[in-house]
Amino acid sequence: MSAPLLEASGLDLAFGAVRALDGVAIDIHPGEVVAIVGESGSGKSSLLRVLAGQMRPDAGTVLYRDPAGHAHPVHGMGEAALRRLMRTDWGFVHQNARDGLRMGVSTGGNVGERLMAIGARNYGGIRDEATEWLKRVEIDPSRIDHLPRTFSGGMQQRLQIARTLVTRPRLVFMDEPTGGLDVSVQARLLDLIRALVADLGIAVLLVTHDIAAARLLAHRILVMRRGQVVEHGLTDRVLDDPQHPYTQLLVASVLAA
Amino acid sequence: MSHDSGFGSGGYNFAYLDENTKRMIRRALLKAVAIPGHQVPFGAREMPLPYGWGTGGIQVTAAILGPRDVLKVIDQGADDTTNAVSIRRFFSRVAGVRGTTRTAEATIIQTRHRIPETPLTEAQTIVYQVPMPEPLFRLEPRLAETRRMHALADYGLMHVKLYEDIARHGHVSTAYNYPVMVGGRYLMSPSPIPAFDNPKMHRMPALQLFGAGREKKIYAVPPYTEVRSLDFEDHPFRPHRADGCCALCGSATSYLDEVVTDDRGGRMFVCSDTDYCEERQEAAAAAPASETEDAA
Amino acid sequence: MAYVAVKGGERAIGNAHAWLEETRRGDPGLPALSVAQIEAQMGLAVDRVMAEGACHDRGLAALAIKQAQGDLIEAAFLLRAFRTTLPRFGHAAPLETGAMRIRRRVSATYKDLPGGQVLGPTYDYTHRLLDFALAAEGAPPPPPAPQAEAPQEPAPHVTELLAREGLMAREAPAPGEPADLTRAPLAFPASRAARLQNLARGDEGFLLGLGYSTQRGYGNAHPFVGEIRQGSVAVRMTPPELGFEIEIGEIDVTECQMVNQFHGSKAEPPQFTRGYGLALGRGERKAMAMALVDRALMAGELGEERTAPAQDEEFVLMHSDNVEATGFVEHLKLPHYVDFQSELEVVRRMRATATAEREAMRAPREEEVAE
């Protein structure tokens, strides 16, 4: 098995008296989809932000292994390196598409930005690539010059995914990517994400409170509660045979719903 | 004039600024030359001319001016525009330096909005007056954020802007103050010169200094530095000028001003660089008649 | 029309200045205003120019007003351009405004308090009816105002009374030499000292509008005027060659301390916070507006959400200076022929492209019609 892409251990983080992270360890391998599930307040969003370098933990380390196999401490590499990583090897899909898109820039410009940021300087080439990606995320390519603010919520989210994946990052962080969308739209989006991720072999770290989304996308699941990982394992094992009472409750509530 | 009373060189230091201030500006200039295209903050002083009239350029000129310098001041390419006259007069009063309108004679050229047509040499320094030194300000007005973008060479947004222009208009819609990359590292505002002048900055033998008084920034392009206008491979940067010849000197290559001659659509074009135009006219007048006949 | 390149800029400037001078003087049949008259009878204008010109010299401010025909921003600019040529000796010790010789002092938070309420020479309760008697020439001066008999008792700051009860944090003394905006450019995030320095020089109208906006929901302000005081205060400094503090004179200032509610944060219990305003001379409106804006700008430090323009440090501080603002706005009247020409060319080119595209789209349809 290949070495992990991202490797974190001993993560602690406290907000006053609240322990957001309490000795959390996690790793993710190339091409693997890992879901972090739990209720709101369980610490899963804090974990995502710490892993993505957006927030510094009180203790613990996060290592990222670059394509050459060298490991870099995420919180020691400096803002410049982290930003470069965020527009090359990494991607981030926000729950709210508006946080991840430039609403005043055309659809083509949104998809093209990451290409240009890594040096693409051929207008026709950028446009062709953007057209190709709009097709892949099922957006009519004739809308390439339209502004995303004229799009539905589902289309905006698909555009955000195209914009993030266009440079074929190795690792994508997704924060509740289907949150706030209609159920039918959610299902279509999940299918799309699953197909793209499998096709491109991208590793995904997915934060969700939606057990069904985790089941559909993830190879492995971590269940978080009060800042701790209470259970982790292969998706089918965790969801079909939950060991921890809290996981049992989570799974039961989704069945009840 | 009494409006200018008390404004002779008497009582003021050479070139108006005190020597400590000049030293502070020179330190900023040295740093700017060492990091081409990088904006260096400096403690710009309040000048006796309004912000926006070239206080940054004036401070830079004052800091580098010596008694033997020959100063040319242009605004819109012309030596006779009121603000150019006013600034030239300021320096002749407070520094007593010789002024000139001849580009080739000048050791220092202070300019607003143009680069002279006559190529500059290693013996010359050009000082640009800069209103907004930040090339990203229309995309991101926050200085704290643009400073970070420069530090990280995070210029994707500028290319997105060019992409959007081409997608929407078929052309880059920026006609002046067209952004450039300096030495492959820093995105820089060339000041509001027409894009036509941008190629003159590339590997220019003269030292190029930029002063922004109100924004309190100085930057520089050392001689023979690479200065590239942003573009796409398949939409290369093209310097544009009005399609025509100068009505006075006949130049088909200089940058032209459009002059409206009546209210029925009548117009003519003349060189914006008045010195270049006059020299060509003088040369044509001095040329032997036979040559003129040959040309005809 | 034969085109002649414009010449004679120098003569045009000379003539324009001569005309300006004539206009400034106005009707020569009327006596000229003396600087002393302006200083004595246009006192609030003089004080405003002094504050925005950042130079405490009433005589020079009055001269600037005369030279600027009463254009107060132009006058502030004249004063600034003079000020910048003055040598810098050092910095004074913080003004002891608690020991001010008070001319006016009002608190909106306490009915009575040590030192009392002193109304002073204020327009506050005048009825704004034009006083046509003032239009008469040669009217005798007004009778002297009645004088208080008792000597003034000490008037401690209202905020100090609150601080003693623990209801308001005391300001920590700033370490080292304070920043000087006239020597080093503003950097962000700015220290509170740099912010206050910027606001003290800032345009009264700009600060007034921003302060007003915080009262209307743009920024979460709940201000009370803890106190406004106006009067003379000693300036003290330690010249390096002496090594001990001496008094170098007295200046007139207006100080406003606004008291604002604060709900507390994780680090701090609920308490009152202070918005601070100080203006040279009599600048009560300026000091009050400044205090509102100062408090709004503390949003970041206090962990409050920054949503309103007045809370936006860069926005406020980069646009408060009227000499800078007027320069950049007014520079638009300088020639921009070259830039405009380049825009003309681009717009013409884009129009040609758009027209060509429209023609191209129409052409096939016309063929269809022909068939």
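A, B and C are the chain letters, set down in written order, and residue numbers restart from 1 in every chain.
One rule holds in what follows: contacts are C-beta pairs under 8 Å (C-beta built on N, C-alpha and C of every residue); 3 or more make two chains touch, one makes a residue touch a chain.
Just so it is clear, the structure is predicted and the values come from calculations on it, not from any experiment.
Among the remaining chains, not one touches chain B and also chain C. Two chains share more touching C-beta pairs than any other pair, namely B-C.
Centre-to-centre spacing of chain B and chain C amounts to 33 Å, using the average Cα coordinate of each chain.
Separating the centre of chain A from that of chain B, both taken as means of CA atoms, is a distance of 48 Å. Residues 1-4, 12, 18, 41-48, 50-53, 55, 75-78, 80-86, 89, 112-114, 131, 141-144, 169-171, 173-177, 192-196, 214, 216-217, 240-242, 247-248, 255-259, 261-262, 266, 268, 270, 272, 274, 277 of chain B are the ones touching chain C in the complex.
The touching residues of chain A, when paired with chain B in their complex, are 79-80, 83-84, 87, 102, 105-106, 108-109, 112-114, 116-117, 121-127, 144-145. On the side of chain C, the complex with chain B involves touching residues 1, 3, 5-10, 12-14, 17-18, 20-21, 67, 77, 80-81, 83-85, 87, 182-189, 314, 318, 323-324, 326-331, 334-339, 341-346, 349-350, 353-354, 357. Taken in their complex, chain B has these residues touching chain A: 148, 151-152, 154-157, 159-160, 163-164, 166-168, 231-235.
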